[in-house]
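Just below sit the structures, each encoded as C-alpha cells.
The same subunit A turns up in both complexes below, where it pairs with subunit B and then with subunit C.
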Partner chain A sequence: MKKTLMATLVGAAMMTGSGTMFAQGAGKGADKGKAAGGISGGVVKIGVITDMSGLYADLGGEGSVTAARMAAEEFGNRVAGVAIEVVGADHQNKPDVGANKIREWYDTQNVDMVSDALNSAVGIALAKISAEKNKLAMISGAATSRLTNEDCNANTIHYGYDTYALANISGNAIVKAGGKSWFFLTSDYALGHSLENDTGGWVKRAGGEVKGAVRHPLNASDFSSFLLQAQASKAQVVGLANAGGDTINSVKAAVEFGLTKNQTLAGLLVFITDIHSLGLQNTQGMYLTDGWYWDLNEDTRKFGKRFFERMKKMPSMIHAGTYSATLQYLKAVQATNSDDPKVIRAYLSKTKMNDMFHKNAWLREDGRVIRDMYLMQVKKPSESKYPWDYYHVRATVPGEQAFQPLAQSKCSLIKK
Partner chain B sequence: MEIFGVPHQALLGQLLLGLVNGSFYAMLSLGLAVIFGLLNIINFAHGAMYMMGAYAAWMLLEYFQIGYWWSLLLAPLSVGAFGILIERVLMKWIYRLDHLYGLLLTFGLSLILEGIYRDQFGVSGQPYQVPELLRGATDLGFMRLPNYRAWVVLVSLIVCLGTWYVIERTRLGANLRAGTENPQLVQAFGVNVPLMVTLTFAFGVGLAGLAGVLAAPLYQINPLMGSNLIITVFAVVVIGGMGSILGSIVTGIGLGLIEGLTKVFWSEASSTVVFVIMAIVLLVRPAGLFGREK
Partner chain C sequence: MKRSYLGFIALAVLGLLAPYTGAYPIFLMKALCFALFACAFNLLLGFTGLLSFGHAAFFGSAGYVLGHSMKVWGWSPEAGLLIATAASGVLGVLIGGLAIRRQGIYFAMITLALAQMIYFFCIQAPFTGAEDGLQGVPRGVLFGVFDLSDDMSMYYLVLAIFLLGFMLIDRTVHSPFGQVLKAIRENEARALSLGYEVDRYKLLAFVLSAALSGLAGATKTLVLGFETLTDVNWPLSGEVVLMTLIGGIGTLFGPVVGAFLIITLQNELADKVGSWVQVILGAIFVLCVLAFRRGIVGELSARFGSRKNA
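Right after this comes the complex of A and B.
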C-alpha cells in the first residue's frame, strides 16, 4: 500500500512541474478560402505566444495580448477588407509546449503572424517553425542574438532588442566607468548563455577581464550560494545574465549579503517591472539597458496611459514592442494588400518604421530591426516624483552602434 | 586549505547557506509529514499555504501597518484558519477514499489559489523588508552571514524539535497517534477525534504559513514561490519516509546541505540532485530512510 502510494506521489510531484494552465484568447474558427486581395483564410490573424503564468508573465503575458489588441483597434479591427483577430497562448516557458501551439496556429487556425515569444528557447522554435510553414515571426519578446545569426531566416524579424545590444551598451558603459573585471551569474539556458557570451565579448574587447561564471537553474529561488561564489571571485562587476524573477531574487540576495558594497551589479536584462517590484531602495544607481521607456516623450506617455487604464501597470519594452510589431505588420498588410510573409518582409525592408515605439527604425537583411536603444540609470527614491518614475535616460544609443554590425553576422541570408 | 580545488572557507559558507535552505525544507516537510502521518492526506496545497503565509505578512503590513513580529503570529494563524475551512468543507469528505483523491483535490486547490493570487498581485511579486532588529550581518571570518538567516535557522530548529517532542513524547501526541490508528476506540475514551483531526490539519498548514512569513524578507513574495519549492519538499518527505516526523526534519536539513555542496561543485545540477537521491533511496529503501514498511 505504502509503496504504491509513494509511487503515486513521486509521479504526481513530477506532474506538477508540467502543470498545465492554459490561457488562450478566443479563437473563432476562421472561414477558409481566399478573400478579396491576397489575404489567406479571409482573416488577418495574429498570435501572441508568451508566458502567461510563469516568471516572465508581468513582462509579457496578458499585457502583450492587450498591446497587440490595442494595435488592431487602431485599424478598427479591420485591414485590407478583412477582419483582424488577435489570439494569445501560454508557452509555459517550455519550447515544446510553445512549438506545439505555434504549429497548431499555423496549420489549423489560419494564424499569419506570431509575435512576442518571450523566452529565447521559444523564440528559436518560433523562428524555425515560421520558416518551415512559410509564416511570419515578429519576435519582440525573446532576446537571444542567435535569431539574427545562426538561427536567422527569411521568415523571422527580430523586433525590439537583443542580447548583443544589451551586452554592448551595458558592457561598454561599465568597463569605461572602471568596472574592468567581471563575474557572471548566468541562468542556465539559451538566454543566459547568450547574455554571458555577448557581454563577456564586449568586456574583453573593451580591455576588461572575465573571471568566471556560475550557472544557476531557471527559477532557482535561493541565490545566496551563487552570490557567495560571485563574492569570492573578487570581480568588480557581477553581471546578472538572467531575467524576470531570477533577476529580482538575485538583486535582493546581493543587497542582503552586502555584495553591493564592494562590487557593482550590472543587470543585463532588467525590465521596468523588475524595478517596480524590487523598489528603488534596492535598485537605485543600477545601470541597465532598455529599448523603450513609457516616460520618454509625449507619444510614449500617451500609450503608457492607455495601457495603464487596461492593465493597471505601465507597459514594459516587450508590451510596447509587441504593440509596435503588430501595428507595423498591419500597416504592411494594408499597403501591400497581402499577408504573404515574403511580400510583407520586402515591404518592411523598404519602409522606415515610425510609431511611439521607435522613430525611423529600419529592417536589415539579417532580420534585425535597427532602432535606438537607451542606457538607463535607476533613480534614487528621493528623485522619483510620481508613480513609475524610475529612470534617468543616461544615453540614447543609435541603432547602428547598438546592434551587431552586419559584417559580423553569421546569418546565412547575407551574401558575402 | 583547499578541498577538491575549492577553498575550505568558501565551502563552509556554502554549507551554512545549505543549512538555511535545509531549515526551510525541514519546516515545510514537517508540516506535510504531520498531515500525512496523522491524517493520511497528501497535501499538495502545502506550497500554496506557504505562499499564502508570505502574502499574509505582506498584506498585514501593506493594509494594516502590522509589522513582522506580529505577522509571525498572525499569518500562521490566518493560514491555519483557512486550513480549518478547507478541512471542514472539502477534506472531510475524502478521508475514506483512496489517497489519490486527496492528492488531486489539494493539487487542484493549489492551482486555484496560485491563479487567484497571480490575478490579484501579478507574478513579479512584492518586496518585504527585513525587520529592523535583524538587519545587518555578522562577520564569521569565512563569510558575512546576514543576521536574518541565522534567525531563520534558529526559529526553524525550535519549531521542528518542539513539534517532534509534542507528537512523540507528550500525552496529547499519544492521543493524536492513537486517534489515527483507531478513531472509534479513542472516541470511546471521550476524545473529540474530528476536532483533533481538524486542528492537526490547521497546525500542519500553519507551519507552512510560518515558513512563508520567515521566507518573506528573503525571497520576493510571489504567487509561484510555493510551487518552486514544493516539489523539492515532497522529495524530502519521500526520502525521509512518508509521515515520519524525525525523518522529515533530518532529511530536510541534510538535503539542504547536499544541495549547497552541489551548488559549489556543479551548480547546474543543484536543482536535480535531490531527485537523484530520491531515486536511489527509493530503490534501496522503498519506505524512505526513516519510514517503516506497513
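Right after this comes the complex of A and C.
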C-alpha cells in the first residue's frame, strides 16, 4: 500500500508543481473582454523572447526587455485607453522552451505581439505560432532570411536586419571601398557556407575577385593553418564566414599572426558586443555591416544615453530594433484603436516608420522592413575618443539596395 | 506486482485529469515527452547499470525522421511515429553494438563520440535546416479520425504514448529479462559465469531504451511542430542524466518526477529570473548529489520504509 501512496504523492507533487503555476495564467486569460474599442483582453501586452543566459545574452537579453519597456514608457504605459505591459523570457537557446513560452503567452496571458527572437530557430518557430494563433511577430533578433522567403506569413514582420543584407553589403560595399580581392575563412556548416557563397557572389558582381576559401570545423580551437593559407593568398580582405566563438578566436589568432598588418578582416556576422569584448586593439580596421549604431546622430545618442543609464552598456542594433518595433507597434495600436494583427500590419504597410532606429522605413508585402543599413569600419584605439566610440561609418546603403529584391523572394504572400 | 499496478493507475488518472487543473496542455505534453525520455534512459542507467552519454542522438534523430516523413513525404502521424521509433531502434543497434564492448567510462565515451557524429551529420545534412531547424511540421490527423491540431486530442495521444511506454518499461523491469538486467547491473562477471549471454542482454536493453527515447523525441516534434539541433546535441544527453538523477536512479517513478521538475523549472524560471536559470539548475544538481543521492523518489521510498520500487 505504501508504494501506491508513494505514487500518488509523487503524482500530486507533479500536479501542484505544474498546475498551480499555470492556474494563474489561465485565470488571467479567462477575463477576456473588450474593455476599450478593439483591444482584446483590455491590455496591450508585448512579449520579448530572447537569449538571457547564452552566447548572445549581451546582444539582446535583459537589454531587449528594457528597450521594449522604454518604448512603452514613452506612451506613459497606456495606449488606446488601456494599459501596456511588457514581459520578457529567456529561451535558453532551446527552441522548445521558447515555443512553449510563446504559445503560453498567446493562449493564456493575452500577449498581442512578440519581439526580438534572437536565435533563428526560435525566430521561425515564433513566426509559425503567430500565424497559427493570429498574433503578431516583430522579429528584431533573428537574422535568417527564411523569415521573408519560405517561412513568411501575414503575421510576421522581419524588423531589423537579415543575412541577405549582411552578405550583400559586406560584399558590395567593401569592394567599392577598395577591398577588391577576397579570401574566406569559413566555418564548415550551413551558416558558414551560406555566408561564404552569398558574400562571394556579391564580391564578384561588384567586380571583385574571390581568391579562395578554407573551411574550418565548427568550434575550432586552432586557427593557425587556416590563417597561414589566408595570408598566403595575399587577398586584401579576409572574410570571416563564421559566428560566435569561432569569430572571436579567429580574430585573436589573426592579430597574433600579424595578418591584420597587410590584410583587412571583414566580419560577416559580427556585432558591436563582439567589438566591445575583443577590444579595439584586436579589431581595428575590421569591416562589418550593422543595422544601427548608437553614435550615428543626435537622436541615436540620446537613446544610447538613456539606455546606458539603465543597463550600463551602450545598446546594440538588436536593442534599438526591439525598442523601435515596440514603439511602431504602439503607434499603430493608437492610430487604429485595435490590436488585430491584420489591422496593425495593414496600417504599418501604409505608413512610413520614423524614429531614432530608422527614417522613412517601410514595410514590404513579404514582411520585410526596408531600411538603411551601414558598412562600418572599426576605429584604431588612437581614434577612439570616448567609451563605446568604435565605428567609422564607411557607407550608408539605402534599404532598397540592401535587402533582397521582391522579385527574388520565395514568399507566398507576393502576388505574381 | 499488484502495487506497481495500482501506482500505474494512479499515474494514469492524474494524467487524465491534469489538463482540467488549469495546467497548460502544451507544457504538459512537452513534460510527458521528456518524462518518457528519462524513463527510457533510466531503463539503461538504473536497471542495467549502463551510463549512456549519447541519448540525445536517439531523441533528436527520431524527431528529424518524423518531421521529414510528415512534412516532406506527407505521411500520417501514426506512420511517422512508427518509422521514427524504428529508425532510432536501428540507430540503437549500431551505436549500442559498438559501445557495449566496453565498460564504465569507456562505454560512456563511445556513446558520446558516436552521438556527436550524429550531431555533426545533422548540422551538415540539408534536410535538417541546420541552425534554422526543421520547421513547420504538421500535426496531421491520427488514423484519419482524430484531428491533432486540437490541443486536447494531441494531449491524450501524448498521454497514451507515455503510459504505453511507461507500462512497457515496467513490464520489462519486472520480467525475467529485467531480472537478468539487474543481475548484470549488480555483478556482470557473475551473470556471465551463470551462463547468461551478457552482451545480448545489454544490447537488447540498449535498443529498447533507444527506441523508446526515439518515440519520446518524435512525439515532442509532433507536439511542437519543429525539430532543432538542441535535441541532438550533447547538453541534452546531460540533461536527461540530471532528470533521472534528481528523480531517483533505478526507481520507476523517479525519472517522471525529475523530468517534470526540470521542465517546470526551465519553463517557469524563463520569465522570472532571466539569466539565472542555468545557475539554479546547476545548484539543484549539486544539492542533489551532496544531500540526497538516491534522488527525490529514492529518498522518499527509503524514508517511508518501502523497499525499492523495482
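FYI, the second predicted complex is superposed on the first by the 301 of 416 C-alpha atoms of A that agree within 3 Å, B and C clash if a C-alpha of one lies under 4 Å from a C-alpha of the other, contacts with A are read in each partner's own complex, and residues count from 1 in each chain.
Heads up, the rule we're going with is that a contact is a pair of C-beta atoms (placed from the backbone, for glycine too) under 8 Å apart; a residue touches a chain by one contact, two chains touch by 3 or more.
The model shown is predicted, which means the values in this text are computed figures rather than measured ones.
Using the contact criterion defined above for the overlaid structures, shared-chain residue A:Ser120 touches subunit C, although it does not reach subunit B.
When the two complexes are overlaid on their common chain A, residue A:Ser53 makes contact with subunit B and with subunit C alike.
Once chain A of one complex is fitted onto chain A of the other, the partner contacts of A:Asn249 are limited to subunit B, with no touch recorded for subunit C. Contact with subunit C, but none with subunit B, is seen for A:Val97 once the two complexes are overlaid on the shared chain. By the touch criterion defined above, A:Val270 reaches neither subunit B nor subunit C.
In the superposition on chain A, contact is made by A:Ser221 with subunit B only, not with subunit C.
Of the two partner chains, subunit C is the only one that A:Leu191 touches; subunit B does not reach it. With both structures placed on the common chain, the touch criterion links A:Val44 to neither subunit B nor subunit C.
Shared contact residues of subunit A, touching subunit B in one structure and subunit C in the other: 1-3, 5-6, 8-10, 12-15, 17, 19, 21, 53, 57, 61, 188.
Subunit A meets subunit B in the complex at residues 1-3, 5-6, 8-10, 12-17, 19, 21, 53-58, 61, 188, 214-217, 219-222, 224-226, 228-229, 232, 244-245, 248-249, 252-253, 256-258, 273-274, 276-279, 282, 313. Residue ranges of subunit C in contact with subunit A, taken from their complex: 3-4, 6-8, 10-11, 14, 18, 21-24, 26-28, 30-31, 120, 123-124, 126, 129-133, 135-136, 220, 224-226, 228-231, 253, 256-257, 260-261, 264, 266-271, 274-278, 296-297, 300-301, 304-306, 309. Of all the residues in subunit B, the ones that touch subunit A in their complex are 7, 10, 13-14, 17-18, 20-21, 42, 44, 99-100, 103, 107, 111, 115, 118, 122-127, 130, 137, 143-144, 146, 148-149, 218-220, 222, 224-225, 227-231, 234-235, 238, 242, 260, 263-264, 267-268, 270-272, 278, 282, 286-288, 291, 293-294. Those residues of subunit A whose C-beta lies close enough to touch subunit C in the complex are 1-15, 17-19, 21-23, 25-27, 52-53, 57, 61-62, 87-97, 99-101, 103-104, 107-108, 120-121, 124-125, 128, 144, 146, 151, 188-191, 218.
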